[in-house]
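Okay, so chain A shows up in both of these, paired with chain B first and chain C after.
Here is the complex of A and B:
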């Protein structure tokens, strides 16, 4: 009896030796991490260039960090404080690294960007490491209001948002078309999904080439309708067109539409796969019941199928909105904002102003990013609100 | 099943459907087919206007090997690998931990923390860009592969956590409860009981994150400056500048860049789609 009692008491006691040892390791590792310096590596290990030494010294510091984390873990889990309140502290131990990492790289930068937007800064520090910018209050935002490029970008973003939404019904259409069980249908489904797996850069290149007025696919189709090929006396083939093929990406009027059409291609594939899975989960009983009530075709789709596809629709809309507002890769590969800035979107214009060639307006760029973030925030809040409702129901 | 299965309709409709399938697929993938046709013909064909007809010479091997021989394409491929694989490993490992904490423990901050990850996952990249550059500069890893990997891993942890948390939440709670009553420590439960059970989620996430990072263009443009470190997505864009008017090579390079994610998709299709939709429909 006495031995179990002492055992139980022991279970909640601090293991002093382990704690002390791991605390020492922790302190040494932390000192190592913060004092370790690139120049030390350059001086002592014979790296010639300062840049060369950055990666190995990063790994050295990173190893120190991992040792420190391990030591901290052993140290803390051996204290009686942890042993007595396992369920209170354990989740925070699990969360610690991931959360710290996410806060440093994602959450805190959001606020930093917003604060940059009230400054005029070119991203540089002076030789003593002091910030070289100055606070200008709301001046960047006032400037935005007078910037025609900003309005073009904003307008194009709205176009993207609206037209990109076509991906949702189009995806549903293809999903309905493919939701059959004939032989080989699975291969068809995956081939239809294909465009989503390809990088947007490659999609951009494919479509830039498709739109090429000289020998692109579109001009070929165009030629079929409006052009005639004749062989002249010299035996040369000449092509005469009643209407010249349009240069879609070269014309400010059409360029944005051209890029959006290219962007729709993978996005439709994405929505299609969401709906195909959704259709798989539609309850067969309700369809049967509907059939007995003589519901057919559109009626059936509208009253019985679509309500059950609501979760799929919700996700399709969310990913499409995010895709539309993140439209950077396509613009960068297809037009780089041109011709004459007509295809700029906020995402690209921000990039161009902040780190574009010879610009470096960090403050102004951040103001544009903040506007984009504000638009996105509407959708994020809506999404979180919906999730909150689901969680409340779930518990 | 909706729409009604075609097997139940007349032979005429069945035949029409079976004919319509390949036609629709052909139209859907037409841009891709066209670029493939360009990538296997000699340059002379393109110059003489024979872009869509039968290639005068089947030059697939020449074109594709030329891409590797004349350019740094191989280097770009390797760079992408070096960026992608560590990112996948780190973000999934971290998400197992955070997802477990948020799914299993009932504490006041569980839901707010979860929403923090979900919200962060949706922010536009541009609002992170300048502070992340600044931070990497201060840590002396700007314009290095580890610098880019650190950011990618941190950002993808958001999505992975969303996914993992929902996956673990769907596991039977009694399993963990009974292990606790047995007196098994919290970390042992995680390691010996939960980790083996989340293997399908790990597979799904691995395929997805691999594709996301492989296809990343923005962050590589922003965080890497040296040509020797660029991944393939940025690389083919600079090839585009090098190969002016050499469309057969540009198209071959573009298609090559798409091969690994496409192969990944076809090999791991089940996991890929489970990943896209489970993380989604539950979220």
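Here is the complex of A and C:
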């Protein structure tokens, strides 16, 4: 009996020592986090020649932060409050880091960006680190309503949304075609999947070169029908055409379609792989039953296969819509929004106005971002609502 | 433990503060050109400075030009160097307005060399009546042409608009496209516009336009666009210019498919890399359009500035007045193949483009910086898009000009 009591006391003592120690560490780490300044040490102690001391300072402070968090964690888990309510608190401890990062990198910037959209700001802070913008209320939004480039971008976004959807049936078609068992089918599948693996930037470059009216593949093919090699006045070979090859990315009428076609290539591959995995799960019993009821061809596809592919279709539509709204890298690599802004999409126009080529209209860019966010929000809410409904039904 | 380290550090720091004044005269310079020629020109100037002031410890951070454009927005507020390169005109305006560049008007007033030999370029370095930087180099713009093609077609350098148009007619008849240009990145079209406007309306109107005092729908600006329309018709540009960069547009010029190129002097290097020899290429000033108008030229300058947060402003000023000296400017610009802004500096007499360029800009009645440096960035972007649109769809002129007026009303 006595031994248990002393054991208990001993354990209590260990715990309180741990807590005391971690509390001390916590305080030191907190002080260190706010005061540690390597550049000060470098400047005043003559350690080295002047270097960029921000990096070591950052790491010193960051280590202090980690130590402080660890100490706080130990302190907290040793309190009786925590011990009595483990089940309530434990999940939050695990969620803490993820939530913190989500807040810092996603949630707070959204609100910051919305607040900037009511200001005129060129992205600079003055010498004292104060923000140099001014509050202009709704003026950026009023300007947006009167900006032809904004309507061009919005229209192009709609074009992207609609035409990008072609990736879903095209992906399904290829998946159905590849869903057979012949020798080497895996190689064919990988080849079809290949474009999704290459970086978007590379896809953009390849298509830009293909379209190039001077030396592109398209102009070569065109030249076979309409052009001939002649010598010019300086005796050099040059190409003269009866009908000029189309300058797809240089003509505002075709440029956006040209970029969407380039974007579709990897997107089709993505949808295809989603459907291929979906087809693996199609139940053979139902196909068999369908056969018995005399279903084949389109009927079989429409009534038996497609309903079972519903989850795959859902995901394919979701990723395609998101891909269409994010269509930034393609535009950036292929045309930079040109010619004269005719291939801008909201995402690129926002970037262009805020940070591109020193234009520096951060307020205006934020207003565009807010509009884009609002459009996405409609879609995201629908998506979340669908997920919630599915959960509720329990399937 | 960390606390004790911090304590120790602060103690030692306090001691160090008492016992010694600033130990070394460190001078940090951020420069923005890693291309071999420009880098050498800068490095040589720094070496000369080191030799002249051995007790100053010069630290150079040289970065790529595009990276510098992004980085400067951060380092001016956070970790400022003592000297940084940047562009004058409206490009320096945001930093001047935010108080991030140091005012060096007193240096311009007290330094004899700066106050007497930089008269022509002083207005470009001035904002709110004060001077903010020291230019180290500038270069001319104009028409570069294929001399061999001109000789073959018996054409002389055109001096007037009519001469240019009839020369273009001859070229077109012989299957040569008069002008090469690549407008994918827009700014090249602004070079053409600037010259047409400077020659149609003169420096004051052009300046008024880029300063936001004259509307784009003004009749004088419409006259400029009317001339441009004539040019598109008779002095046409290469097809597909909207898909080409200025470097890609050298190809038809080098191949003899196009005979002229409105460009800055930096393009000569590109021409030579495309296997054109000095004898094949030559330069003429953009021809006169409105007779009797004082001739203004496009001549963008590069300059050095002192950030307001610089730690060693004394030595930074020493460096700026050092690189303003005639001999340093001569040597630097000889290396990079450009013109020294110092009027007492010597130019490289062996380079025919430099000789002609110097003759062009030193006799000019006014110097423009270039559309995207004279106009604020947001206006420049919209303007250059408008120019490209006009080149592709001349019919939509009214729509373009009205939109530019709208942007102008917002930006200024």
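Operating definition for what follows: the second predicted complex is superposed on the first by the 347 of 395 C-alpha atoms of A that agree within 3 Å, B and C clash if a C-alpha of one lies under 4 Å from a C-alpha of the other, contacts with A are read in each partner's own complex, and residues count from 1 in each chain.
FYI, contacts are C-beta pairs under 8 Å (C-beta built on N, C-alpha and C of every residue); 3 or more make two chains touch, one makes a residue touch a chain.
Treat the numbers as computed from the prediction; the structure is a model and nothing was measured.
Trainee: State whether chain B or chain C is in contact with more residues of chain A in the superposed arrangement.
Mentor: So, of the two partners, B touches more residues of chain A.
Trainee: For A:72, decide between first (touching chain B), second (touching chain C), both and neither.
Mentor: In the superposition, A:72 contacts neither chain B nor chain C.
Trainee: Between chain B (first) and chain C (second), which, if any, makes contact with A:365: first, second, both or neither?
Mentor: first
Trainee: Is A:209 in contact with chain B, with chain C, with both, or with neither (first, second, both, neither)?
Mentor: first
Trainee: Touch check for A:123: first (chain B), second (chain C), both, or neither?
Mentor: Both partners.
Trainee: Touch test for A:168: chain B only (first), chain C only (second), both, or neither?
Mentor: A:168 sits against neither chain B nor chain C.
Trainee: Just chain B (first), just chain C (second), both, or neither: which does A:326 touch?
Mentor: Only chain B is touched by A:326; chain C is not.
Trainee: Name the contact category of A:351: first (chain B only), second (chain C only), both, or neither.
Mentor: Only chain B; A:351 stays clear of chain C.
Trainee: I'd like to know which partner A:252 touches here: chain B for first, chain C for second, both or neither.
Mentor: Touch status of A:252: second partner only.
Trainee: For chain A, which residues belong to both interfaces, chain B and chain C?
Mentor: Common to the two interfaces on chain A: residues 54, 123, 355.
Trainee: Under the touch definition given earlier, write down the residues of chain C that touch chain A in their complex.
Mentor: Touching chain A from chain C are residues 1-3, 6, 9, 12-13, 16-17, 20, 23-24, 26, 28, 57, 59, 69-70, 73, 76-79, 91, 94-95, 97-100, 146, 148-149, 152-153, 174-176, 183-186, 239-244, 248, 251, 255-257, 308-309, 377-378, 381, 385-386, 388-389, 392-393, 403, 406, 410.
Trainee: If we count contacts the way the header does, which residues on chain B are in touch with chain A in the complex?
Mentor: 1-3, 5-7, 14, 17-18, 21, 24-25, 28-32, 34-35, 38, 46, 49, 51-52, 94-95, 97-98, 100-102, 104-105, 107, 110-111, 113, 115-120, 122-135, 139-141, 143-147, 150-151, 153-155, 157-158, 161, 185-187, 190, 211, 214-215, 217-218, 221-222, 233-234, 236-237, 240, 247, 250-251, 254-255, 257-258, 261-262, 264-266, 269, 273, 276-277, 280-281, 283
Trainee: Considering only the defined contacts, which chain A positions touch chain B in the complex?
Mentor: Going by the criterion above, the answer is residues 38, 51, 54-55, 57-59, 62, 77, 86-88, 90-92, 94-95, 97-99, 101-102, 104-110, 112-114, 116, 123, 176-177, 179-182, 185, 188, 190-195, 197-202, 205-207, 209-210, 215, 217, 220, 237, 265, 270, 273-274, 277-279, 282, 284, 287, 300-301, 304-305, 311-312, 315, 319, 322, 325-326, 328-329, 332-333, 346-347, 350-351, 354-355, 362, 365-366, 368-370, 372-373, 376, 379-380, 383-384, 387-388, 391.
Trainee: How about chain A: which of its residues touch chain C in the complex?
Mentor: 28-29, 31-32, 35-36, 40-41, 44-46, 49-50, 52, 54, 64, 122-127, 129, 132, 143, 146-148, 211-214, 232-236, 238, 244, 247, 249-252, 336, 338-341, 352-353, 355-361
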